[in-house]
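Below are two complexes that have chain A in common, paired first with chain B and then with chain C.
Then we have the complex of A and B:
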């Protein structure tokens, strides 16, 4: 009975916690500019994420190691150090974007400019980290995030042409704006396959004391939870394709994105969007802060657990305290969270092989996983999607940076 | 050798400023944003502060993208006429923002309707630029 409850809660929280500023922004921009044509990277990214999340949970349940702890142990400190610099910069940018998403949602609801919200929002996130337990952070924030299901309602109410939607799942090239198309493709892949999710998920499995009896449950949670989460991101893209593309609206700012559901859900659409972004970004900001603290603590061999008092793992608490405060600074000076989001998502794609390929080696290591190590299918799917996103990122990120 | 040439070529392509068609797409996008925000406001489904801020943002972005486009106008449009259209468009948007601030809801529809007319004119100009490419 306890496991059934955990299973249901796991799936619900995976769905509620899937969307964040990156997935909403990239999907909305893609739908507004290219219609359904960019559904395929969302599908590829979601499939890859299902495999990756399942692997991280399996590693934790079988070997009792987190992803970071095992990588540090298997590949040594110099390797960990090099990878950690790149990953920390990118994940930190994502944290700025998430805090910006919360601040912008509050601006939409109150009219008070987002820079004014940066510090209070960071303080609330920090306070919850300081006082809250792992369960509160994981389940509380993700349950609130279930309001993002309204994106699916909006997409259905706009009556999409399902044959056209289906054609979007096959990769195709646009007639114009090819560089933009490439950049949005890598941004979508980066937003979907976020390495921080693996660190967070495997650490959570250790926090919740998973063992081998959780292997099947982990598979179901990763499969259903991430699939339905990906479905919500697809709903954002479909809603944007129907609400924005016919009018020629490009989603370059948050106030434009806020109009996404006003056609489909005239009465509540605006407020549902604002609340969806508020809760989704809030949950993601908590998870990312925790993931960065886990990353450092596990890599450097410090005490770590969100369930311990901060005085019992002071260095762990120090890491999240510093990063949350530092992340608020650019927002206080008015840095546009959407621009940070787009760049951080594309850079995430560029750094994926450095985070994922060593992880694949680990998942094939019989010392850690014994008979539970990866099969050829999971290796192939993850390697292909990660390499595809890396190659696209190498081409399109310089184009986007230089071309402004 | 081709590979060595490809990188500077890609950068050169990327370094070029936005094309008139891209600038026009931005202009169309901001006018449509103002129209959509206005439509939501007419139905009283968005807060007034949000509507006003979005209309003011649209106005600023139109000024910026319009000035960029008119620095080197494409042959497919008459630059003097287009400048006038942009001024009138921005006037309607400013008027809408003013009425929202004054909470004068009954008068809001008139500039919103007028904005719709200018939106069509700008879209036609945008189509002319696209077809002349």
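Then we have the complex of A and C:
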């Protein structure tokens, strides 16, 4: 009975915690500019994420190692140092974007400019980290995030042409604006395949004391949870394609993005969009802050647990305290969260091979996983998608920067 | 046992199951007529940074003297204190007494405990 409850909660939290500012912004921009044509990177990214999250949970359940702890052990400190530099920069940018997403949602609801919300929002996120337990953060935030299911309602209410939607799952080239198409593909892949999710998920498995008996449950949670989460991101793209593309609107601001909901749900759409973004970004900000603290604590062998009071794992608490405060500063000066989001998602794609390929070596190591090692299919799927996103990022990120 | 694979970078756990860092380096005695043997486990920033680049190791040492608990030398744990080598390395020591938790205790005492709700490091 306990496991059925854990299974249900695991799937619900994966769905509720999937959408965040990165996935919503990239999907909305892709739908507005290219219709259904960019559904395929969402599908590829979601399949890759299902495999990666399943691997992270399996590693924790079988070897009792978190992803970061095992990587440090297997590849040594110099490697950990290089990866930590890249991960810290990218994850820090994503945290700025998520805090900005919360602040922007509050601006929509209250009319008070988002820079004014930066500090209060950061303080609330920090306070929950300071006083909350792991379960409160994981389940509480993700349950609130279930309001993002309203994106699926919006997509269905706009009556999409399902044959056209299906054709978007096959890669195709656009007639014009190929550089932008490439950049959005990379951003979608970066928003979907976030390494911080793996760090968070494997840490959660250790916090909840998973063992080998959880291997099957982990597979179901990763499969269903991430798949339905990806389905919500696809709903955002479909709704954006129907709401924006016919009118030639490009989504460059947050209030513009709300149109994708108000077109389908004129009465409640505005508030549903603001609340969806508020809760989705809030959950993501908590998960990211925790993930970065886990990253350093596990990599360097410190005490770590979100269930201990801060003084019992002082370095762990210090890391998330500093990173949350520092992330609020650019927002207070009015840095645009959408621009930060797009660039951080593309950079995530560019750094993926450094985080993921060594992880694949680890997942094939009999010392850590014995008979629970990866099969050829999971290795192939993850390696292909990660290398594809890396190559696309190398081409499109410089083009986007040069072209503005 | 393969030292680099099984010992270096492994997590260290004290006799009370407290995490006390990872193995930063190993100190070996190489005698003229005897087999080389590991004498100490080293824990600390200077040893770690030295592995990336000797210059970074020297900077870490200098900064360690100026800030925080002001420890510039790595912590040395005699190899004789190693109990088991498995998923982690279990040591027959009390972490707090070795110096491996100097930064943890310094941060708890000087920063975290001063923030409301931070609790006290010494409370059980």
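Here is the rule we go by: the second predicted complex is superposed on the first by the 404 of 404 C-alpha atoms of A that agree within 3 Å, B and C clash if a C-alpha of one lies under 4 Å from a C-alpha of the other, contacts with A are read in each partner's own complex, and residues count from 1 in each chain.
Going forward, a contact is a pair of C-beta atoms (placed from the backbone, for glycine too) under 8 Å apart; a residue touches a chain by one contact, two chains touch by 3 or more.
Not measured: the values here are computed from a predicted model.
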First, second, both or neither for A:111, with chain B first and chain C second: first
First, second, both or neither for A:64, with chain B first and chain C second: second
Partner chain in contact with A:267 - chain B first, chain C second, else both or neither: first
Partner chain(s) touched by A:77 [first = chain B, second = chain C, both, neither]: second
Which of chain B and chain C A:250 touches, first, second, both or neither: first
First (chain B), second (chain C), both or neither touched by A:303: second
Touched partner set for A:130, first chain B, second chain C, both or neither: second
Interfacial residue positions of chain B with respect to chain A in the complex: 10-11, 13-16, 25-26, 28-29, 32-33, 35-37, 39-40, 43, 45-47, 49-50, 53-54, 57, 123, 126
Residues of chain C that touch chain A when the two form their complex: 4, 8-12, 18-22, 24, 48, 51-52, 87, 103-105, 107-108, 111-113, 115, 117-121, 123
Residues on chain A engaged by chain C in the complex (per definition of touch): 63-65, 69, 72-73, 76-78, 81, 130-131, 300-304, 309-315, 317-318, 321
Of chain A, residues touching chain B in the complex: 108-111, 179, 247-250, 252-253, 255-256, 258-259, 262, 266-270, 395, 398-400, 402-403
